[in-house]
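Order of writing sets the chain letters: A, B, C and D. Residues in each chain are counted from 1.
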């Protein structure tokens, strides 16, 4: 197993996300808009899932855009409605109750979420910045991101590190993470669990087992701790010795480029 | 069976200003856009919109100054970006908003469909949505397990507006077999007090009888049905046509800087009915390009 | 309009039931087993619905055996599975939630029910005779008959008059009728309504508006009051002057024989 | 995706005596009869059966002395009459019974499918079912309207056993487009803890991919899938074959006077597996006569 010298940041993020996926996992992938938001919400997660299928997790399945177990070896050339409607898949969950019930029955192992605000305890805000009744700006609402954090076993936040994104406390709790830390999540009546990893363009974070504060697990090759901290409005837990994020292997890079996203449908920005 | 086939104008005339309306479809798919355009044309306003993910239709109502309140899981235009008219209204405090997660909003529509006065859910524990909406989200305790839960109020809009595929004059509406998600349209329909459906095509009743398993809206739930080819345009209708990207970019080019009026003058107030709209918004070449093949 | 001289008891019951149906009604018809039970539970109600469609209620629709608005001009030659599966119908409500939701949302106007025990207040028992835990005999359970009486606006009991059927008090309340009479039904939390008519082979009953006791509305031609009371374990309210049940017209009899049930699929016993 | 294809004997071996099992289908349609026969053959017993309408399979378990308790809306054999083995067991106090109406029982399965600890319902107010079952039916008050309601406990069986039409080795199971009611099979499947499905035919995965809208049981819900042609015989499988009236009359001729053993010796204990059963219960001529055409 040789590590690659030549890889993009997106490829590193795909590989990092892929390593968090286990064989047999059922993975909920959300929807993204366009450009970077699409790459982060959809492109990297789908590529990571496919990479995991091709390497260590052949029995992993995804749910995306009403498709359960779409054939990831047949990613369509464009993602307009008709291509989605006709993508070969094991099941088109046209009855949205099926997806909602699968969420609330806790059948999903992993979800990928991104948000304009993430706080120290992994709470997310995609609803409103500032005063909820007079926000600036009003954001997109909730979608299923609330449900992901309520029910999914190992939610992964995948978002770029930015000072205005990583805030001490979210203005509005759309998705309950570890709430106020410690046992506060369970005390509010939620299932144990909560966000598992935060994968960014500069570093990967987890949550301290006891305090539930965000803590750095690894920093990407070539990035310094100061550069990480400069993009955060709070100081995460910082172990004395921080490993470097494992680089992609040459085989992983080859798979991404040749088999998974040769037409640049997924990693668009 | 009684014919319920009416014109678009007659259908829109049923819905008074101030009504709460559930709008079917999802963001940029299979919403009753032509019917919403006609509501705006008729000067109707003060609507409360209930949706699963809201999208283009809700933003048009906001742009037209016809939107009072939204209860939904999302507002935006997916790959076309933000829902600018809606956002401005919320930011100005003109549009009231009630946020729900997908599981919670679906539970509200299920309660309505089952005639239940509430539905239990544990989706909203600890969230800002629950903290800000004690009117519709109340804490309860499970009588079996003692678990803390919320009761959510049913979604009981005055009118339910859907766009579908084929239907007969009596109001039986059918799916195509190859399709994307139904969103909550079947649940909306089942829980509707007064249900108006626009469809791509009215077919003879004998066609419906051939595939009764594809009927997702039986005639007994329907008050009025309208034939409206490309009735979801510029949105997609899965299995029929794709979203009209050029049209959507123009819509956003107007809406983002606050020029919704330019769009509306051209495509809503400037068209006298759905056929006139189609003539102005589409060419034969464009119709073929968008059609699913 | 000429009354028929020649008609069967089943034809009289079909016509009597048909007269209770109104234009626009949505009617729930249950399932029956075989022989007389089938005729009473299924045959007479379907024939009545069709007769109403052909006469005064063209916009009436039925739900039967998962079929919503089956084409009653195309009643199949047999009622085995495959004939039911392929019966032309507006909607095959394959999702049973649709039917249940239509019930609990109170979308049905009329239901037809029969039962081995009916009491003075129109409560039904189809669950157990005697002690519920050691019944003799155990009956068939509940089906949707509970739901009919809870939600349907004008339930019609259609059953033959028998002393062991028409009892003072049912051994077990499967379907809540007027419970203990008066306002007791509403006080138990049920919707107003409850059973509307009881159509039997000897007489037709309603329920007193105030006391909610069963009362005789009409007695079939050729039957005496004593013959009616002899088949009941309780004495229903008996007005001073009891009309005779209106006979079928020659046209109604003709429709039943020639158009509705020429092959004797419905009125089998 | 992992293959979940196993033999009938292997599937039955997964289910220990004493389990609670939900049995799909309805009375005399599309129940996993071959799997129930194999459970009886393997000497499994003390089952709690949850069903919507129970029927033939429940009566067979009662006849075999393998039935401890039933929770359902109905027990009988429709046009073939009473469920005699079951009845005798209840009348003797050997089989415990929990009765529910269709709306209430469906609510219990819906609660399970949604992962909720209860479902509200107003179907059972004032009934004997509620009066006799305080364990599973409890009075609650609507927090919005103050209305009196019941909470019903979710239906959470240890195993869910269904018979379906076609499926692939991974456990994706599809409907035919022309069919009768699905009963609660899709809801049972969605709420299942451990789901075993028998199907008329195993097809290549590529066949499933062609009509993903017909998949009602996606592979991720399934633990084991078994190929069992005529697996519902002597019941019907809508779209595939009709109920076998002759066989059912023989079953009732044995069961009514208490001679279930005669039937069982011939068709259950006297057959070594499903193929042997089919050989003894059907002739080619009979197969063609029963097949839907």
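Please note the rule applied: a contact is a pair of C-beta atoms (placed from the backbone, for glycine too) under 8 Å apart; a residue touches a chain by one contact, two chains touch by 3 or more.
Since the structure is predicted, the reported quantities are computational estimates derived from the model, not experimental observations.
Novice: Which neighbours do subunit C and subunit D have in common?
Specialist: A chain counts here if it touches both subunit C and subunit D, which gives B.
Novice: Suppose each chain is reduced to the average of its Cα coordinates; what separation in Å results between subunit B and subunit C?
Specialist: Spacing between the chain centres: roughly 40 Å.
Novice: Between subunit A and subunit C, what is the separation of their C-alpha centroids in Å?
Specialist: The separation of the two C-alpha centroids amounts to 58 Å.
Novice: What are the residues of subunit D that contact at least two other chains?
Specialist: 114, 116, 121-122, 147, 149, 178-179, 213
Novice: Which residues of subunit A are in contact with two or more other chains?
Specialist: 92-94, 100, 104, 151
Novice: Mapping chain-to-chain touches, which pattern fits: line, ring, star, complete or other?
Specialist: Shape of the chain contacts: other, as it matches none of the listed patterns.
Novice: Can you give me every chain pair that touches, using the contact definition above?
Specialist: After working through each pair, the chains in contact turn out to be A-B, A-D, B-C, B-D, C-D.
Novice: Residues of subunit C touching subunit D in their complex?
Specialist: Where subunit C meets subunit D, its residues are 31, 33-34, 38, 66, 80-82, 84-86, 92-97, 99-100, 103-104, 125, 127, 132-138, 140-147, 150-151, 172-176, 179, 185, 188-190.
Novice: For the complex, give me every residue of subunit D touching subunit A.
Specialist: 1-2, 113-116, 170, 172, 190-191, 205, 208-210, 212-213, 215, 218-221
Novice: Which subunit C residues qualify as touching subunit B in the complex?
Specialist: 24, 26, 59, 61, 67-69, 71, 88-94, 98, 100-102, 104-107, 151
Novice: Tell me, which parts of subunit D touch subunit B in their complex?
Specialist: Those residues of subunit D that touch subunit B are 107, 114, 116-122, 138, 140, 142-145, 147, 149, 151, 153, 177-179, 211, 213-214.
Novice: In the complex, go through subunit B and note every residue touching subunit A.
Specialist: Residues in contact with subunit A: 29, 52-53, 72-76, 78-82, 86-87, 90-93, 97, 99-104, 106, 110, 121-129, 131-132, 147-149, 178-184, 186-187, 236, 238-239, 241-243, 245, 292-293.
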